[in-house]
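So, here come the structures, one by one.
Each of the two complexes below includes chain A, the first together with chain B, the second together with chain C.
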Partner chain A sequence: MNTKVFSDDEQIRRVWDMEEVKDLMARRAYMYMQDMRRQEIEMLWVQKPENRETAVFGSNWGFYLGLDNISAWYVGEHGNLRQKQLDEISKNDPAVENKPENLGFGSAIAAPLSTALVEIAGDGKTAQGLWYSIGQRTDPNGDGTASAYWVCGKIGADFMKEDGQWKIWRVVEAPDIIVTPGDAVANQSVFWEEGANLMENLFGTPTVSVTAHDPTFNWSDDFPHAPKAYYTYDPKNGCCPEGVLNDWRPY
Partner chain B sequence: MKTHLSLSQRIHNAVGSQQAENIHARHSYLHGKSFAKEEWGQIWSRSDDCSWAHAFGRWRGFENVWYGSVTCYDAACFSRFTQIYEIYPQVGGMDPRPLSEVSCHTLVTDIIEVADDGKTARAYFLTPGLIYSTLNGNQKKRCAYLWERYGADFVFEDGQWLFLHEQVCPDIFGNLDDGNWAHQKYDMLKNPPPPPPSGAMPPKKDQRLQDPGPLHKDWTPIQPVQDTVPWPVPYVTMDDDNTYTKRR
Partner chain C sequence: MNKANLSAEELVGRWEERREIKNLMGRYAVSFLLKKEASMFADFWAAREDVCMGLNDGWYVGREAIANWFAAIDRATALKAELLKADLPDKLEGQDLKDLYGIGDFDVKPLGTPVIELADDLKTAKGIWYSQGSKADVTESGPVSYWTFGVFAVDFVREDEQWKIWHLQYLENIKTLCGQSWAEPEKPFPELEAFAVLKDLKLPEPTEKVTLMEYYSPKKPMARFPLPPVPYDTFVNTFSYGYEKEV
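Here is the complex of A and B:
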């Protein structure tokens, strides 16, 4: 973005906006790690009815549309998984009490953010960002053991200002690498076998099923996009179904 | 606080600091797609002063940087494509470049300084990255970790910030996730690979290097700690004391 088109007052506002957007995503990463998913939705995501309706959560296999659908999966189904894990742990080890405070017992997940690329819209109403995460996911097996995975991929997000506050509007998590620590990626089959992809299984049944990112072809699909300087939000460049590109694949 | 600068100058430099992060991140995502033409065509200064360096040496001047970073890089991508198209015919018609690999050099721990004169910026990054590709000639997935350091200089030209100098310093490399760089390096020292045949030509990309390497060495257990790209310190204007490419 040519810095000379903005006045000093506008420019310092934009500098501050960029830091707030990065801070917002860092807070999301913190809450994701702490399993504070309900609080994340309530505190960090858009809340105005018209924005809730157009909120999106996407991954390689499709998109949840609308904050209610996002919450049903991101909070509800995840909560069910945690309860199922705790049921199993408590059954095998009565010393672990089956109570809400113990949800998440034996788990550890983190998606640290690196490589921030953030663009604030020229009109100042929206922002777009892209990060890369070398993360991990560890889930209890219920018998005192756990299963661990490296989960690495791009995380894209669109943001919107509500009453002067930046809020998360749309997120796409696009894992490329999913591998058990100590196992070589080279030993995985080239194409995922049906039901073998942990992150696909966890993504549930999205509102729109579509291949948004296929790491078989590395980053050929360019999704989620690296945001470019822009004046006003265009969903064709967004973290949403309209942003999925297909022209890289001939047929 | 740089209170000797006007508020307007400080705002300009704050933007410069953010743009140094953004431009380097844009490099990471373009390079991850092997979009060399787009990277060097869009986010680099075309001045004779620009340079790009790796352990093997440094290219100086935009024409030489382009040859090494675009011409030769594209050739390597197309070469890899010729190794996979018969095994995976579904790649037909796709851009061969991103099919080559994802060189994902993530950026963390940046230390950035913008010159008091507002004309240049300097940045140091660590990059704990990954290099991977799914479709390969040996019909196996490929994924490695690669940790490097970057020293990067940026220049403000015609109202926008652009890359001017880049120096890449690779430190450790190995297979994800069963590699152990300490064991691998020890084994290499104990059983060094045979030297290249006598009279062998250097790799084509090295033929135009203005500063032949090595400029930095991969980590081994028998060398001191290197400080090839020291962090930038506050500076007034870019000169030979404040640059990742000194003039010759």
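Here is the complex of A and C:
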């Protein structure tokens, strides 16, 4: 990659590719904030059948493989959760109508992006990026109260060009810190009791269950990877099961 | 616009425009931190009459309304310095109030998650940023600190070869005292006599009072932020982040 020489024209197009990749992920963040998950999948993710098949959504606990599986969890199960939350709220407070416009009632969610690190493949067909997100997730408990959490972690993504447009191909959200506002990060559980980790619960039952990123003891592994300059995509450095690093754990 | 059809020179030019817009908003955010409200309107906003600013409680429409809002913050900053000087005589006695201007206030609005679109005709541009900020303020309870989460959604216009702010919305859905949870009712600090005068300190009312954003509550619908800009050729063919009178 370092030996490849690009023309001026190629170089400026690669600069624009970087801008477009960053814009794409930022668009995803705004859709995520407003529960526009179906639109996100349809508008921002790969759509060609061969790319849909190899799409990935990962987190600390494993991976959903293929866009259909991703959608079933990311859109379908999330929609079911929002409906269940609204059912409970409406039952306890009939003034809150149980109608689609009220899905998301009592909730707030954000995964803003900073610290962008983007590499465009030398062959120009793929790109890889890593961001840090200091976000939050707030869900209603159904009785007029809610539970809020800071959710901080790396968000990695692999991108692919379809018909000249960058699309999201693979994403890994890897939370490091999940802590209630007002509590010290130092008070976060080192070992979560079974069923106590909000983000693990929300991740459901992935296609592949594997420890992909493990923030225990705040030991930070390089997954999702901080991308390095590359010529052609190698899944060993990707946001996918093949990219998981297994040789670093101290225990 | 298909970028594949643009020359390298055109692409460089458009990249430069994006950089200028990012820097403009970076300077705008830093100006809050540096307490530059006295000059921010003149420094960053367009000279045209149809500028507007939307905050949670409504729209400030026109130059006078926005200028008055900034001027009120300027006056409040000066008053807070005066009160802190009186409250901390052992530290601040003998100091010039001009030098103390801005103490006690720390308004951090860092910008992230940008989406920027330049019009094909390069006469206007649009951008959205998420700001996860904090505000140390001086209130009737003395100095207090908040987390503030919100969105800047901005239309820009070119004036005299420079990008300027034309329409701006800054909408916060979370403002919570540091050390507390936004999911729980706020536990305010007790009022302090030395700062009681600040209780009556109010910023000017919006020209058009309408709720653009409510703060998060478990008993309210999910916040609806402005959406990111989409590619467009000229401003009349896209949506506006500005005030549009309902008819």
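Basically, the second predicted complex is superposed on the first by the 239 of 251 C-alpha atoms of A that agree within 3 Å, B and C clash if a C-alpha of one lies under 4 Å from a C-alpha of the other, contacts with A are read in each partner's own complex, and residues count from 1 in each chain.
What we mean here is this: a residue touches a chain if its C-beta (ideal position, glycine included) is under 8 Å from a C-beta of that chain, and two chains touch if they have at least 3 such contacts.
These numbers were taken from a predicted model, which means no experiment stands behind them.
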Which superposed partner A:F105 touches (first chain B, second chain C, both, neither): second
Which of chain B and chain C A:S114 touches, first, second, both or neither: both
Touching partner for A:S147 - first (chain B), second (chain C), both, neither: second
Contacts of A:W73 with chain B and chain C, given as first, second, both or neither: neither
First (chain B), second (chain C), both or neither touched by A:V190: first
Which of chain B and chain C A:A226 touches, first, second, both or neither: first
First (chain B), second (chain C), both or neither touched by A:I134: both
Touched partner set for A:D8, first chain B, second chain C, both or neither: both
Chain B and chain C footprints on chain A, overlapping residues: 8, 12, 15, 114, 134, 180-182
Residue ranges of chain A touching chain B (in the complex, touch as defined): 1-4, 8, 11-12, 14-15, 18, 114-119, 130, 132, 134, 150, 152, 176-177, 179-188, 190, 215-220, 222, 226, 248-251
Sites on chain C touched by chain A in the complex: 2-4, 8, 11-12, 15, 18, 110, 112-116, 128, 130, 132, 147, 149, 173-174, 176, 179-184, 216-225, 227-228
Residues of chain A that touch chain C when the two form their complex: 8-9, 12-13, 15-16, 19, 22-23, 26-27, 29-30, 33-35, 93, 101-108, 110, 112-114, 134, 136, 138, 140-141, 144-148, 164, 180-182
List of chain B residues in touch with chain A within their complex: 7-8, 11-12, 14-15, 18-19, 21-22, 25-26, 28-30, 32-33, 91-95, 98-102, 104, 106-108, 128, 130, 132-135, 139-143, 159-160, 175-179
